[in-house]
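In the two complexes that follow, chain A is the common piece, with chain B as its partner first and chain C second.
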Partner chain A sequence: MSTAIGRPVDRVDGLAKITGAGRYSAEIALPGLVHAVLVTSRIPSGRIGHLDTYDAERAEGVLAVLHHLNLPKGGSVPALLPSLFGAAASGQTFFPMQDEVIHYAGQPLAVVVADTLDRAEHAARLVHITYEHTPAITTIEQGRDRAYEAEKIFAGFIPGRITRGDAAAGLAEAAETVDLSYHLAANHHNPIECSATTAVWEGDRLTLYDSTQGPNATLHTVAELLNIMPSHIRVVTGYVGGSFGCKAMIWAHPALSALAARAVHRPVRLALSREQMFSGCGHREEQEMRIVLGADRDGRLTAIRHHKLSPTSHFDDWAEPSLSVASSMYACDNYEGVYRLIKANTMTPTFTRCPGEAAGMFVMETALDELAERLDLDPLEIRLRNYAETEPGTGNPWSSKGLRECYQRGAELARWSERDPRPGRERDGNWLLGWGMASSAYPVTPPGGPQRARARIFADGSAVVQSSFADFGTGSATVMTQVAADGLGLPLERVRVQYGDTDLPNTAAAVGSAGAGMVSAAVHVATTALRDQLIAQAVADERSPLHGADPGQITVTEGRMHLRERPDTGESYAELLQRANMTDAEALGTWNPPSMMGTGYGTMTFGAQFAQVAVDPELGLCRVRRLIGVFDPGRVLNRKTAHSQLMGGMLWGMSQALLEGTVMDPAGRWSNASLGEYLVPVNADAPDVLIETVETTDTVVNPLGVKGIGEVSMVGTAAAIANAIWHATGRRHHRLPITIESVL
Partner chain B sequence: MRPVSYSRVRDVATAIATVTADAGAAYLAGGTTKVDMLRIYAEASQRLVDINDLPIDHIEVQPDGALRIGAMARMNDVAMAPLVMERFPVISEALVLGASAQLRNMASMGGNMLQRTRCTYFRDAEASCNKREPGSGCDALTGVNRGHAVLGTSKHCIATHPSDVAVALTALDAVIHVQNTGGHHAYPIDDFFLLPGGTPQREHPLNHGDLITAIEVPALPVGRNSLYLKVRDRESYEFALASAACALRLENGVVAEVRLALGGVATKPWRARRAERALLGQPATRESFARAAAEEMSDAVARPMNEFKIELAQRTMVRALETLAARGDVS
Partner chain C sequence: MVASHLPDAVQGPGPVDVVLNVNGATHVVRIEPRVSLLDCLRDHMNLTGAKKGCNQGACGACTVWVDKRRVVACLTLAIACEGREITTIEGLAENGILHPMQKAFLSEDAFQCGYCTPGQIMSAVALLAEGHAGSDAEIAEWMSGNICRCAAYPNIRTAIRDVRDGVGGVGSAAR
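For the complex of A and B:
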């Protein structure tokens, strides 16, 4: 019966985006709008000695210079809670400009407000700050001897030590082991649109135009920070130019923009500069991992020991959950995972596209490849031998798992069985060629509370569906239009989805690849509720051809309700409403997700990836020629946007493997805080990417069986590439990114 | 950004007079370097004199066969000029491998000669940098210096010269033509780019108000068998970690004529004269190429983060020579 869902529909906002008609949060034009610019700390640790605002205050166009001595104190800093809960979601339990203490470089110390952006930027340079330095730790190397085992990480949700069975015993009985140490560089998100908020007060009511993954997260966080009622805040999120996690949590700038607007009695726009994006909204932490795998002679894992060491901030015990997915990827009874942390002078790290999964699975999937090599096993075969039929650790059944099919199809597409397994055999001029593969997996996590949408149909048979979610470039507005059209039985062009506004029915932030699943659930519930309401009305209406019919026998096509068996018996929504003198009808839909604490099932999206890489060992160059990914995402809502998401993820994975890394300067600042120095792939780097999905039906995760595709495809790409580099050259790499100097 | 004023001039004499008369003025060509410099406070001009209307954008052959490129010719136009592609593929390739298509459409050849280093400390107005603020020190010496130079460095500055096309022009013995209120001057390109020594702030011999009018490349038949090889982390849109501009002529398998210059590894576009000398008269083999390349790098000074460049530069030279040698005796 579904007609719109799955179709490769073009983006509903595509035209507005490419023509520039779509307005991003830093483009909202308001009368009297003025500009705020942050002044941030040069040093990673110490105190402000003197903060001299004399020149800045006298610069042309300057309206205010706010800092710890004159910033009005507000409410309290909310707890660090992932925004998937739908509540306040502060990215770190620290709010700047409250005192003179400096915890990290890039910490906001002052906000300059002026009538134009250029003047505000210039005046920001005129705020003269002297510092009292105290010793800083900003890297693993500097803090290694102060590392501690975390009691809990990730906002308290994950224990610092996770065990099952007896890893030591499992290793003792292993016929073969690998024991490998890895270093992964810190990463930054680098969406094209830098974070920005435009704040407007009307009396004691505040409107924020905010670039975020979760408008309600902004609302609740700012409400607590400023101690104002949530009912007095409205957050509008129109167009968002990407996020990759840096807009998943709420950082200081929305609240600072509101404080600045209150101080100058004008609407204020606060946009982070590209450089400030490196210290204004979190990062993926630098990390070291050590993994020990033991296997019997047949390649069956007898034990996994996986330890991680990473710096966190002084405020929060945060580590991305690098061990989680890797721990439940393969059947293995003996497991030990440990997170160790170092308190460092950085901000609290945060969700960064594929937070943890990408890093941990790189380690697991390359280590498994080395183990396969030692055992003289095919890399695909060792994965099949350790295939987890149930969820490791809990023994729960999977809600759905198409991984075996993914492996099989991917291997066919890559002609895996035809490759010469020995490394360094294939050449193309100066290039050595190799193939590698890896598994992908990403958890399906329900949101922390009810998700809502409202459906309203007008007497002409057109409908508007409203929900507060943000579309930050993924295509969610488009797929929700499809879901709504099918829910109501309307053609696509009769449905408009309104979104990105906290005045609309509540949804949590679209994070953790959960957005499509949870918002589609709410939209589905709302639209089918409205459909059922109208069918019930028709059945009860004596003048309706459907009077007295069994509602269960009625279906809706193209806005016309009719008997399933006798399509000529029926009438349109419009006829029904007009006859009843109703201008519209409306229904609110609420989806109550399964408990975050467990559904009784293992819920995961899976995939298999294959990469062909060319290596010029003389010049140290690695160029990816082909990427093949096959995934089991459950229901695909739109083949085109799904393909784009999956391809984007794989390219990020390539980027993780070969390019991305933020480097700490000895002075304790990120040294490459620009798009010129922080490398992400350009078009010329993009290989031939082939993507397929395998059919999987999932009845557990949400009403439409949508498992989520936002991030899974980034998992495993880097490992497949590193494994391919080995196959090309015979050399293993344990540092990311794999740079020219490490290949030379 | 600091407030700046802006004006547009239509003839060379007015341009020179306007900038010369005002110590706070500077030429604005494509603006792809200049505007960045102002935005990041690495330079402090108060007045921009736009020279985009000056009639100095021709690409033409002189009676003696030399190629004359007007200072305002756009990088892309030069790269795509059939004349350039045919006679000096190394120039065309160096241009095409630089920046991005959008930038190359704006950026001028004169501006390219005067682009500033990508050293992050130079670009961070609050860091210590002898080039930006003489005598303030050099944070790059102990900082993140993976991209920095290993040739031509001093204890005051190790910044890499970023230009690609200047490397090709250096290999070809180009001449930079300059005009000022006193008249016309011509600088052989190797004298135009200065080593940092104790004065890293002086990158070229120009005085305030001097206008580059043209770049001239002498007629050079060996230029037809030339190439530019650029090695970098990603495939496009990145400065070189190491690059080589090379032209080669063999006679009976022996090097009869060679031009070699390096980019990405030196404080100025680096003419590899030692390697050239070592190559002349030698058989065109991998061994003699490697020996010459090693000879060129024998005085290189590296820091821990850029040590790989010494090896990489050699391999880049060898690859460039091998590639040209394999094409045979084309000239």
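For the complex of A and C:
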């Protein structure tokens, strides 16, 4: 009988955002605040020959120049552990400014602190560094002959080789095969707010205002790096200007800001510049993939062979898990997936929205389209023929799966059955028109430990619910207010959610589309615990109209506890508390998630996407005219914010298809490290997007059955667009982004 | 005597007093002439509504009005704005009453993280005044200086249409 959950209510933090009142991490005004600026390496490999700080130290307003010779040594670099575990989560196992060795371009070599930002930036240019160069590898092409099969990738959680059945035998028996090679450019997240930390020491206690997806991840990582007790650190994350994964792990700048603040005995703000965002917080790695699909005459897959090759850093064997979802999308008994890596002079790549799923499913979904073409099958039909009724590999049942409904509804909206299957048949003036489709899927992963929230109700019947999570644009603060209101049986306007502060009950970082599921679970447990506690108090109170009633027969509406069958018998929370001379009551809620090692179910969010493109073959232009997405995210907590996030994901997929790519220059540096040259969609690139959801009931993943929506909608969009380009032009594309040059 | 806020023959490179009219109020700030309008607003006047996204004029997050025209504050020197009328997102609401465009952004969910939002709203209000909201395609073109990485673009267009057409209870364009 939920009343708030699902409603398309406006964002609770919206007023602060539309008035400019919300303070992001580089906007905290503190007395005596000074500014730190990073000086970074201009070469990808070598050593510092000489680092001359003479001019910088004497520049106006400069308070300190820190570098490997004078930076105080602290603790140790934590292991690379995904921040979903809730522990320290270093983005790479390398911490800069410890010695003179240079591993990648953009590596921090010095930090300049001055009284104003302009003076710090000016002085940073006065740090004169000479370099001793050593040979560098920064691209697949340069390191191809040094590739090795990874033992494990992704912080050790995914084996480098995954097999089931016998792929070679499956291919041998196939009636039709496709064997395709792909290249996908590196990507950078580029949230509009650059990463920033403001650090303040009070004695031996540290407060960090940090732009992060996981305030607790910042806390634990900095505690280990600086060798100070976690209890002495507080991380505050008020407003976060987007992340998309670059603020999912903890990089060097929070700890460097704390070290700088300690050195100058003043609060220090350290904000990365836009250019530094390309080498300061990870990236999606350049990748090559080869996929071989075999199918029988009816289009049923007999084998999948899917290999990936990508550069990683010198410190960590990291690859985004591009093969994972593509391996369990379709029923196929024979599978072989292999990750090969090249040690390169880049930083460790990291999570980028749909880390792996977007890339691997682009390959799977475009290859499947080519297979369908060869078999003269409709693209939707080949997907239905390979529909996985159980989880491939394990045979586990799905916790919920609404994909068939998604296909059906999406096909209706796109009028798929009216499409002429032959390419190049439809024109609009100079434009060739085409429709394409693809499947979407994204895993539902539980966090690594208990998630907590605290609910507190006051004697006037208003409530505050506290939990440490960050809202970086996902709408989590809004949906948690809705979950709390329903848990307590209060109207929305009587509930306030306080969040973004490690002094509040613990949550893991909101990553991997897991935030809504895990935090709603904690808030639900806390608020229903408080509700039950107050009902129990009423039942035990001789002066309550509910005295002696069966608690199971009592429900709460608009803050009033009453008998389900006789609503006139009851009293409000306020009456109960005031009579007992209680100013408030509170309860802590803890949700213990299912094991990360498996629930006995396949847990995924699914969807189907359809795209219409217009291609001008003479100008090489490709415009997306329509995007349609239908998804099965379990329970939708807020239709408005959910649709916005799903829409954003699909436009990210469009961007993956047509715009985004970071390119290495011959010197081993990102050559287009700016928002002028790294293309992201602008308003004129973005078509209207039609989103629908198929609500499925999921009793496995978490108490409210929330599967998560942050990423699934990006999976498949690029493939639907590429398939539509084929339908428009008759040409297949195996490189991303698909540029004007490649369309011509 | 020359009034102290009139420029000297040579100003800087050290700090000088700069007189700025921001949101209808006069402020005197002591800044180096190299300080951008954006850094001046954010770091010297504690007006952080205008955002820094790139500091290169590429993202539009810092969009404010100078003499009612939209400009990127990161590529505008504060000292060059003396004698001009500067309006930021903090000055858009009048007497605590939200501008219709602010209301429309909220009701149409025309943002997610909110970081580009002040710039989008300042651009959107100016766009209506410029007469560049005739069609969706025109809105899209003339709003393309403001990047929204959350990609709320379709909702931004809807919000602008709402204000243009006076629908959804957000009223017609007041300015």
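Convention: the second predicted complex is superposed on the first by the 744 of 744 C-alpha atoms of A that agree within 3 Å, B and C clash if a C-alpha of one lies under 4 Å from a C-alpha of the other, contacts with A are read in each partner's own complex, and residues count from 1 in each chain.
Just so we're on the same page, a residue touches a chain if its C-beta (ideal position, glycine included) is under 8 Å from a C-beta of that chain, and two chains touch if they have at least 3 such contacts.
Since this is a predicted model, take the numbers as computed values, not measurements.
By the touch criterion stated above, A:Ala168 is placed in contact with neither chain B nor chain C.
In the superposition on chain A, no contact is made by A:Met229 with either chain B or chain C.
In the superposition on chain A, contact of A:Val682 is made with both chain B and chain C. Once the two complexes are laid over each other on the shared chain, residue contacts for A:Val240 go to chain C alone; chain B is not touched.
For chain A, the partner touching the most residues, choosing from chain B and chain C, is C. When the two structures are aligned on the shared chain, A:Leu619 is found in touch with chain B, with no touch to chain C. Of the two partner chains, neither chain B nor chain C is touched by A:Leu69. By the document's definition of touching, of the two partners only chain B reaches A:Leu659; chain C does not.
Contact with neither chain B nor chain C is seen for A:Ala536 once the two complexes are overlaid on the shared chain.
Contacts of chain A with chain B, set against its contacts with chain C after fitting on chain A, overlap at residues 60, 118, 676, 681-685. Of all the residues in chain B, the ones that touch chain A in their complex are 1-3, 41, 118, 120, 125-126, 139, 142-144, 146, 231, 233-238, 241, 308, 311-312, 315-316, 318-319. Chain A contributes residues 10-11, 13-24, 26-27, 29, 60, 116-118, 190-194, 239-244, 271, 273-274, 472-475, 640-641, 643-645, 647-648, 651-652, 655, 674-676, 680-689 to its touches with chain C in the complex. Within the complex, the chain C residues that touch chain A are 14, 32, 34-35, 39, 42-43, 46-56, 58-59, 61, 88-90, 92-93, 98, 102, 105-107, 109, 111-118, 121, 137, 139-141, 143-157. Across the interface of their complex, chain B is touched by residues 42, 60, 118, 121-122, 125, 430, 618-621, 623, 658-659, 663, 665-667, 671-672, 676-677, 679, 681-685, 739-741, 744 of chain A.
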